[in-house]
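The following pair of complexes shares a single chain, subunit A, combined with subunit B in the former and subunit C in the latter.
== the complex of A and B ==
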């Protein structure tokens, strides 16, 4: 089911508006990440989709149905909470079957369905255990199975991976991807971790301060950030940012341009074809397979991840791969099309 | 280290003996003759076991009637109080309504009113309702207790709100969430409150004495008065009767004490 917001705003009782006139459409059957720093509004949007929060103004549609005033139950959403919210006094199978029990599904049928879901999320060998006897990853799986138990219109996951350790996080994000693809249910998950969103989502909605910064595929979010915020938030290491004044001898900038962002991998060994800048190599380090060079451009530090073929202490030229160079105006809007190389 | 351990054991032993001595004295006295019970210096154990004290004690008053009354009153007040407390504490712990804080503060303030002060207003109210000397008088004033609400609210608040939202999404109404999720997770707190109430109700003396005036309405503790008369108190029989009066509560406590200890020691729910 696709999810559509039309001019949705949310103001809390105390009068502070947390979402400002939000408009978007989440395509049916996709895995969508709501990404952003804390306080950006991503959990708020998730709760508006779920029906646990009611919008102050605007309309919300599931497919053709307007659901703005409907409760969570009427909307038929499935939800996985940050700390899983499994019922501590019920076994795994009873937890999974609980939504069906509430929907008065006949006992035999709901147990069969609960077992199928347990198999789907791979906890079928834990059916009689209680949540306190499960690992974090297993609890997560049970929570997903429970959310899927009533064939939800939309599956919502609130920071599903934040309570897991690093290795398990990678494993579970792949699992979420697999389960989403096997069931085909439109899935929205909240995260503050850009690499998590980049790895599993079909589309990413990046939010900051209650405004949508950009909605696009992970790749285009990275390659064509709509503004400075997006370019800073996406990518590791963080994009190198310097004032346009430092590169006036290299580019002809539009009058409004104020800053330039250069991706770490856009700094490459001098090749004569692309625009070049003169830098001094401060230090070069190798972390496992990751290479990192710190360069100085008029005293400003730039981080590069390619071998620029210069030794530490050496001054020389490096080339800029223009696909990783973004120009922004004072408001942070990206202006790339208007830039020329000298 | 060793000395510390010995000291701890000495203190614990003194505590245990202090607690158990009255019970020992009660049982020991119940088997003495009237003369021996008042002898100085007192004897620890009866010279000869006087079993007939027990028979005489049971026959001295209509204890079967008292027993039925006590059981009825204790059970009904305990379940009634748990029911109202569960509903009220759910509202205070998980629902949002206007005036919640004010109502809670007012109710909290009522806890500072000594129970003795309530005897007269309660008596007046019930007598105007023509309920004096009925089960109504023994039960109605105890159907709600803010102490129970307050204790249970703490326990309900320790159940994460996310469980409430999860249950909402899973299709549970507030009522179903309360009975299927919240109550099972607050089992030890509920058992503790229930047990405290049943003991309190079982042992209640002052109110049943005031609110009833015929033998058919008396409860066990009031019935123990049968042994004190103008000619003095028959201690062996009184002690025999006291023993069988407290026995049901002792047994109940022995069965449920692990819940009580868990309920007092923590909020109950493992995070």
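== the complex of A and C ==
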């Protein structure tokens, strides 16, 4: 089911508005990431979708139904909490079957369904254990199965991977992707880790300070960031930023341009076809398969991940791949189309 | 590194030295009296003042086995325990759940409910003697509104135990409510959110989340209330003015023990009734512990 917000705002009792006039539509059957720094409003949006929080103004739709005033139960959402919130006194199978028990589903039927779900999330060999006897990843799987148990309209995951160690995080994000694709349920998950969102989401909504910065596919978020914040938040290493003054001899900028962002991989060995800048190589480092070169442009450090064919200490030219170069005005808006090369 | 070293005799001796002051106090005031009263229950001919034991045997227990007064005392104690404990535990849980929900004046209500616990039982009994008064009492006045004839709570053997039970329940509420409030505040709020989303209504959340999650506290409160009720004495003494109720209708095991020891100076029999009480409490507590293995979720 698609989820639509129309002019939704949320003000807490103390008077501070945490969401400002939010408008968006999450497409049906997709895996959508709500991404942003803490305090950006992503968990707030998740709770507004779930119905655990009520919007101060605006309307929320699930498909054609307006659900603004409906409770979490009436909306029929499934939710996985950050700490999983598994019922510690119930076995795995009872945890998964609990929503169906509440819905008065016949016992035999609900146990059959619970077993199917356990197989889907691959905890079918743990059915009689209690949550305290499971690993973090297994608890996560049980929580997802429980959330799926009532055929939710939307599946919501609040920071689902934050309690797992790095390796398990990679494994579980693939699992979430697989389970989402097998069930086809519209899934929204909150994360502050851009690489997590980039790896699994169909669409990413990037939030900051209670405003939507951009909604798009991971790749276009990376390639055509709407503003400076998006370009900074997405990508590792962080985009190189310098003032336009440093490159006035290379480009003709629009009058309003103030800063320029250059992706690390957009700094390539001089090739004569693309615009060139003159840099000094400070140092080059290898981390496993990762390669990083620190370049100095008039004293400003730039990080490149390609081999620029210059040795440390050497001064020389590198080329700029323009698809990874973004120009921003003072407000941070991106102005790329208006740039010309000298 | 220190933890891997096997303690030497010297270390053990040193540790014992640190523990010694407390061990001596416990030994004199706890262990010795317990052992002494067990031993004393076998004294059949004993001079308390010269501490001279002339004869030992099972006679004290035989006497209790045949004494109708003791049978009544055991029966009254059981009635009291069964009358007080379930209502006290259930009522404190209900009130604690309600108190936990209201934020407004919560502190005020907590204080009000806690007052009985910190007030002297003698002062409390004075008030309740007035409440239970046949002609001028508040309780009969209120019951009059629903058409119930005045009851002589304190002097009618049929109602004295009921009056005692009501007083005991009321007195125990405050502390148990406090314990339950602690238990309730330790339940993870996310479990309630999860249960709400899973479709559980208020009652189902209480049944499926609250009750199992606070079961360790319920167990503690119940065991505590059972033991406390088996040992009831001061409420009786002060409510009925130094008598075990009209016509011994509120004579409990501890009151029987008190009577044998202080009023009739039959020390062996008093000690033997204490041993019987000990065994009763032991059996009930063991039953509760056995039951809790299956129903309490830690």
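Note that the second predicted complex is superposed on the first by the 342 of 342 C-alpha atoms of A that agree within 3 Å, B and C clash if a C-alpha of one lies under 4 Å from a C-alpha of the other, contacts with A are read in each partner's own complex, and residues count from 1 in each chain.
We take it that a residue touches a chain if its C-beta (ideal position, glycine included) is under 8 Å from a C-beta of that chain, and two chains touch if they have at least 3 such contacts.
Bear in mind that the values here come from a model prediction, so they are computed numbers and not experimental data.
On the superposed subunit A, the positions of subunit B and subunit C overlap enough to count as a clash. When the two structures are aligned on the shared chain, A:87 is found in touch with subunit B and with subunit C.
In the superposition on chain A, contact is made by A:73 with both subunit B and subunit C.
Legend: residue contacts after superposition of the two complexes on their common chain; A:217 is shown touching neither subunit B nor subunit C. In the superposition on chain A, subunit A positions 50, 52, 71-73, 77-79, 81, 83, 85, 87-89, 98-99, 102-103, 146, 150 are in contact with subunit B in one complex as well as with subunit C in the other. For subunit C in complex with subunit A, the residues that touch the partner chain are 188, 190-191, 193-200, 204, 208-209, 212-213, 215, 297. Within the complex formed with subunit A, the residues of subunit B that make contact are 160, 162-163, 165-172, 176, 181, 184-185, 187, 269-270. Against subunit C, the residues of subunit A that register as touching in their complex are 50, 52, 71-73, 77-79, 81, 83, 85, 87-89, 98-99, 102-103, 146, 149-150. Those residues of subunit A lying in contact with subunit B across their complex are 50, 52, 71-73, 77-79, 81-83, 85, 87-89, 98-99, 102-103, 132, 146-147, 150.
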